[in-house]
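Next, two complexes with chain A in common: one pairs it with chain B, the other with chain C.
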Partner chain A sequence: MTDTQVEAVVDDVVRATNVVRHYTLPRESLFRPPAVVQALNGVSFSISRGRSLGVVGESGCGKSTLARCVMALEPLDGGRVEIEGAHLEGLTPDALRDKRRDFQMVFQDPFGSLDPRQKVARIVAEPLEALENLGRAERLERVAEVIASVGLKPTDIDKFPHEFSGGQRQRIAIARALATRPTLIVADEPVSALDVSVQAQVLNLLQDLQDQFGVTYLMISHDLAVVEYVCDEVAVMYLGSIVEHGPAVEVFANPVHPYTRALLEAVPQLVPGRKKRLRLSGNVQSPIDLPVGCAFADRCPQVEARCREGRPVLEDVSRGHKSACFLNARQTT
Partner chain B sequence: MALLEVKNLDVTLATSRGPARAVRNLSFDLDRGQTLGIVGESGCGKSMTALALLGLLPENGVTTGSISLGGQDLLALDEDAMCGVRGNRISMIFQEPMTSLNPLHTIGRQVTEPMLIHQGMTRDEARAEAVRLLERVGIASARQRLDNYPHQLSGGQRQRVMIAMALSCKPDVLIADEPTTALDVTIQGQILDLIADLVSESGMALILISHDLGVIAETVDRVLVMYGGAGVETGPTASLFQHLAHPYTQGLFAAVPKLGSGGKGKSRTRLSTIPGLVPELADLPPGCTFADRCDLADDKCAGTMPTVHDVANDAGHRVACLKPDDAKSRMATSEAGA
Partner chain C sequence: MSEPVSKNQLMAALTLMTRYRNFVIGAVLTGLVIVCAFLSAVWTPHSAVELAIRSRLQLPSLEHWLGTDHLGRDILSMIMVGAQNSLIVGIVAVSIGVFLGVGLGLWAAAKRGWTEELIMRFSDFTFAFPAVLSAIMITAILGPGAVNSILAIGIYNIPVFARISRGAANAIWSREYIMAAKAAGKGRFRITVEHVLPNITSVIVVQATISFAIAILAEAALSYLGIGTQPPEPSWGRMLNDAQTYATIKPYLAIFPGAAIFLAVLGLNMLGDGLRDILDPRLTRGR
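Right after this comes the complex of A and B.
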C-alpha cells in the first residue's frame, strides 16, 4: 500500500483548497440579479495527523459554513476538500457515506443535537448502524467503550438525554462522534453553551481523547482562549476569508493582521480595572456584495488607499505564519 | 443610607420537586455612581436576584427579606406602585437583544414608551428625547432609525436601542443582565465602554450580571460571587481578584482558559476543573451550597450555614466559608508554586 509513502511525504488528514461557497438570495426585483452571500471566498488549509486547527472569527465570518463544507454537508461552489486523500466532491453518494466513518461532527448545542426520544445507547450506536457493518454484540461493545472513554458511567446508556446536564450531553455527543473511530472530528463551538466549570472538563476531555486516540480536530470557536488552549494552529477568519493562519502560540503572541490584533485586544482580561484600548468601530459588514479591496478595509485603523483597490493574499510573515495584509512587512518590524 | 439596600433576600420557587431556594439570604447595598458585578454560573440565582429587584419573578416565586430603594421598601409595594418604579427608577437591559424588543413596533415607539408613561411627555417631546438618546448610545442617523423595526438593525444596534430605552427615564439603578453575551467580542467591547461611560456621566448605580469573569473584572468596582443562590464572596474588584478567598471563586478563576497563557504549544497544561455539576436548586444542602463540590469541605460544611469572615483587612471584602484559612493557605501555596 501507499500508506507509508504518503506518510513519508506529508501526512495531512484534511486538505482544503480554495473552498468557495456562495448562497444566492431570493430575487428582490425582476430586473436586478439576485444578491449573493459570499460565505466562503477561497479558503485553503490543511491539518496534519493528530494535530488540531482552531478557526476563530465573529458571527457571519463563514466559520460554521467552513465546518459544514469540510463535513460534506454543503455542496462547494469552487475548490475542493480532501479527507484522508479522497476528494469528497468526486465521490458517489454511496462512497461518500462509506467515507463518513472517517470524519464526524460535534455540534454546538447539546440540547438540540440529541434526539430526546432515544436512549443514549441508541444515540451513540446510530453512526455505527448507519456506517459500519457490525453485529449487535460488537456494536454494544463499541458503545460501552466510547461511553467509558468520555467519562460517563456504563449505566448511563439506558437513560434519556433529558436526564443529563449540558456538559454530560456534550460528552454523549462526543461519544457519538467517536463511535466510528474517525480520524477527524469537526467541532462547531463545542463548549460555548456550557458553564465555565463544566467547559473546562469538556476541554480537558477533548485533549485527553487526542492524546489517547490521535484524532485530528477542526474546532470552530468564537472564544480565542479556548482555541489557544486546545489547538496547535489557529486560522482567523473575516468575511469568508482566512486573514491570518499560523501556530497558535505564534499568532497569539505576535499577531500580524490588524483584525487579529483588534480581536485579541477586545477580549476582556481577568485583571481588574478598565483598560483604554483600541476599539474597532462599526459592525462586521454584510457578506453580500463584498467590496473589491480588503474586506476589513472599512473597519481597519491602518487602512490605506491600496487596501480598497486590491485584495491582499495570505503571505508568509515567518515560517508557517501567514497573514493577508498589504502592511505585513511593517507589522513585523 | 445607601440608595439600594437588599437585606436577607430570599426567593423560593415552587417547583414540581418541591420548593427551590433560588436566592438565599442575600444582602448587599449600592450607592449612586457605584457599580456592582454579580458573577456566577447558570442557576446560581443571579438573574433571579435581578428579577426580584424589579418585582418580575415568575408566578411560583415568593420573595422575603427587604429591598429598599431610597428608603422605600419595594417588596411592600402593590403592583400599580411597582409599575411606577419599574422602567422609571430601576430599569433593566436584558440579555437577548433579538427577543427583548417587540418585532411589531418601531424603534421609536419602543424608546418613547417609558417616557410617555412615566414622565408625562407629549409625543413630540418624547420623540425629540428619543433621538437624543439614540445619538448618545451611538446609533447613526437616529432620526431615520426611529421608524425602523428591530429586524432592520444588527445585534449590536439592538442592544444599543435596549440601553437607550433603559436610560430614557434617567433611572437611579440600571441592571444589565448579561448585556453582551449574545454579541461578538469586538461589539461587546463597544457596548461595555458605552455602559461604563453612561454610568460615570449620569451617576446612576449599575448592577452588571455576567458569567464572564473578564467582563466583570474590567467593568465594575465591586463584585458579588454567587453559587447555588447564596452570595459566597463579595468585595472590591481589585481585592477579590487578588485574594480569591472562597474555594468556589478559586475554582471558577482556575477553570477559565486564559488568553496568552501559552496554551497547548508550550506546556500542554490541563485546565483545573471543579468536580461535579452545577447542582439543582431543589437538591442543595442546608449548609454551604458549595459543600458537595468543594475539596476542602468536611461533614460540618454541608449541614452548617457558613460564617462570614473579613478577608485581608480590605474594606468590605467578605467571604462566607467555614474554612477560610484552609482556602487562603491553598492560594498562598499555589502562588508560591507558580
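Right after this comes the complex of A and C.
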C-alpha cells in the first residue's frame, strides 16, 4: 500500500499505517509451533482534526485491539501509529508518557474502569497528576471545569464511583479523558454497557464536547446506530482488516462490501417481514490461521474462485469511499 | 422520648453484633490478650519469675487464682507475662511477613514474566514445609532463642503473604481501571501503590490476623520444644513443657496455659473471619 493519494496537507490527528498485531497462544504441543491469533492484519486509517471515525464489526474482529494499539497500550507487531505527528513506537517511554496528554481513552465498562476506592476528584485528576505539572489548586480547578463540562454537579467530586449510575459513571470516565485537554479521544464501546435510555445522553454529550473543544474521536462500537449517530466516517472491520471505509452517510446509504451489506441488513427493522433479509451462514472464521484469500470468503454470498486465491486490498470505490473486495470493479487479482 | 430511641439503637447494635458474631467474639478474646499483655507490663498479681519453693504446686486459691507451678511461680502472672511474649512474636513475625511478602508479591504481579516465575517458585519451595517444621529448621540453623524463633516464624510468613498478595494483585491488574491508569500515563510503580495496594488491603489484613494466630501457635510449639523463648522468660509453650512432667498429678498446670493459647488462637481466627465478612462481603456469599 502506497501513500500516493495524500491530498495536499491534510491535518490528520491520528494516522495508522499497516498496523499488525498478533497474539501467540500458549503452545498446545511441544512439536507444533504455537498458534497465532492475527488480531490486526495491516490496518490503515487516518482521522482529520475534529472529525470522528467509527469502527464497527462483530466481536472478535480486532476492533478493541485496534483501540489499545492506537493508545499504545499494546505493542505493535508491525506498522506504525502516528498521533499529532509523532510516531508512538519510536518514542522513549518518557516521551510517550508526555505525549499521552494528547490522546486519552474512554473505556467500555463504566463499572470496571473507575477504581472503586478512589473518589471522583482523584479519578478525574489521575491523568493530570501523571502528565501535567500543575499545582494542587490548578488541578482542582481543572477537575471542577471538566466535571462541569460533562454535566456533573460540583459536589460530586467527593463521592465514590458506586454512588453513581452507569451513565453518570461514564460521564466521570469522559471527564477523566478530557482532563488533559487531549486532541484525540479513543472510545471503546463507550455506551454498550449502558441502558438504551442513557446511551443517547452520553452520545449527545460526546458530540457536544466535540463541538465545544474540537476533539477528534476514534469510536469503537458493534452498534451501527451509535456510529451512524455520532461519526463522520465509518470503517467496517472483519477479522483484523478494514473491509470498507468511507463517510458514514455514504457507507450506510450505499454499502459496497458484501460484509457491510450483511451487517446493515442484520439491523432489526421496525416493520417486520417487509424485506427479505440477507443472512450470513456459517461462523466467523477463527482468527487463528487465516486463509490465504479473502477472510470473508467462507461466509460471503457472492464468493468467487479468485476470492480464495488472493486477498483484495482496500481501494477507492468513489471519492473517499474504499472497499476491499474483488467485486469492486477496479480491483484486480 | 429518648427511651425508645436508645432502645432502638441498642437493638440495632445487637443485630449488628449477631450479624458479625465472629468479629465481636474474636475482638473480645484478642482484646483480652492485649489487655493482659499491657497490664502485665505494670502489674501482675505476683512475680512471674521469682521462685517460691515453699508454695509450689498449689491448687487455684484466692491467693493464687490459677495456682502455682513446680517452682512456686504464680500461674496467672506467668500467663499474663506470656501474653506479652506471644503478642510481640506475633506482631514482629507478621510484620516481617507482611512487609517482605507483600512487597515481593506486588513486585511479582507488576513485573510478570521471569521475575514473577522466580519469586513464586521460590515461595512454593518454602511453602512446601509446614510452619512449625520450617521454624524448627531455621532455629536449628540460627540457634535457639526468642529472637531467632521470631525470625523463623517471620521468614515462614514471607511466602504466605507473597502468594496471597500476588494472587490478589494479579486480579486487580486485569481490571479496566488499571488500563485506564496506564492510558493516563502512570507507570507500574505508581499503579501498584495507588491502585493495586489499596484494593488488596482487606485481603492482607484478614491474612495478617490469621497469620498472627499461626505465629502464636508456632511460638508456643517452639518454646515447648525448648528452642523458642528461653527460661526464665515466661512463655505459654514453655509452661506447657514444664507442666508435662506433672500432667498426671497436677493436670491444671497444663490446662491454664493451654487454654490461654487456645483462646488467643481462636480469638484471632474468629477476628480474621469476622474481618473478612465485613471487608469483603462477596466472599461470604459464595460460601
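Convention: the second predicted complex is superposed on the first by the 316 of 333 C-alpha atoms of A that agree within 3 Å, B and C clash if a C-alpha of one lies under 4 Å from a C-alpha of the other, contacts with A are read in each partner's own complex, and residues count from 1 in each chain.
Here is the rule we use: a residue touches a chain if its C-beta (ideal position, glycine included) is under 8 Å from a C-beta of that chain, and two chains touch if they have at least 3 such contacts.
No experiment lies behind these values; they were computed from the predicted model shown.
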Is the arrangement of chain B and chain C around the shared chain A a clash or a fit after superposition? fit
Which partner does A:29 contact after superposing on A: first (chain B), second (chain C), both, neither? neither
Of the partners chain B and chain C, which touch A:117 in the superposed model: first, second, both, neither? second
Regarding the shared-chain residue A:126, is it in contact with chain B (first), chain C (second), both, or neither? second
Please indicate which partner A:109 is in contact with in the superposed arrangement: first for chain B, second for chain C, both, or neither. second
Identify the partner contact of A:280: answer first if only chain B is touched, second if only chain C is, both if each is, neither if none is. first
Of the partners chain B and chain C, which touch A:212 in the superposed model: first, second, both, neither? neither
Identify the partner contact of A:249: answer first if only chain B is touched, second if only chain C is, both if each is, neither if none is. first
Once the two complexes are aligned on chain A, which partner has more residues of chain A within touching range, chain B or chain C? B
Scan A:101 for contacts with chain B and chain C and give back first, second, both or neither. second
Minimal inter-chain CA distance - chain C and chain B, angstrom: 13
For the chain A and chain C complex, residues of the former touching the latter: 68, 71, 73, 97-98, 100-101, 104-105, 107-109, 112-118, 126-127, 129-131, 173, 176
Quick check on the complex: what are the chain C residues that touch chain A? 175-177, 179-187, 190, 195, 198-199
For the complex, which residues does chain A have touching chain B? 52, 58-59, 165, 167-168, 195-201, 203-204, 207, 222-226, 228-232, 247-249, 252-253, 262-264, 266-275, 277, 279-281, 283-284
Spell out the residues on chain B that touch chain A in their complex, using ranges where they run on. 41-42, 154-157, 184-190, 192-193, 196, 211-215, 217-219, 237-238, 240-241, 251-253, 255-266, 268, 270-274, 277-278
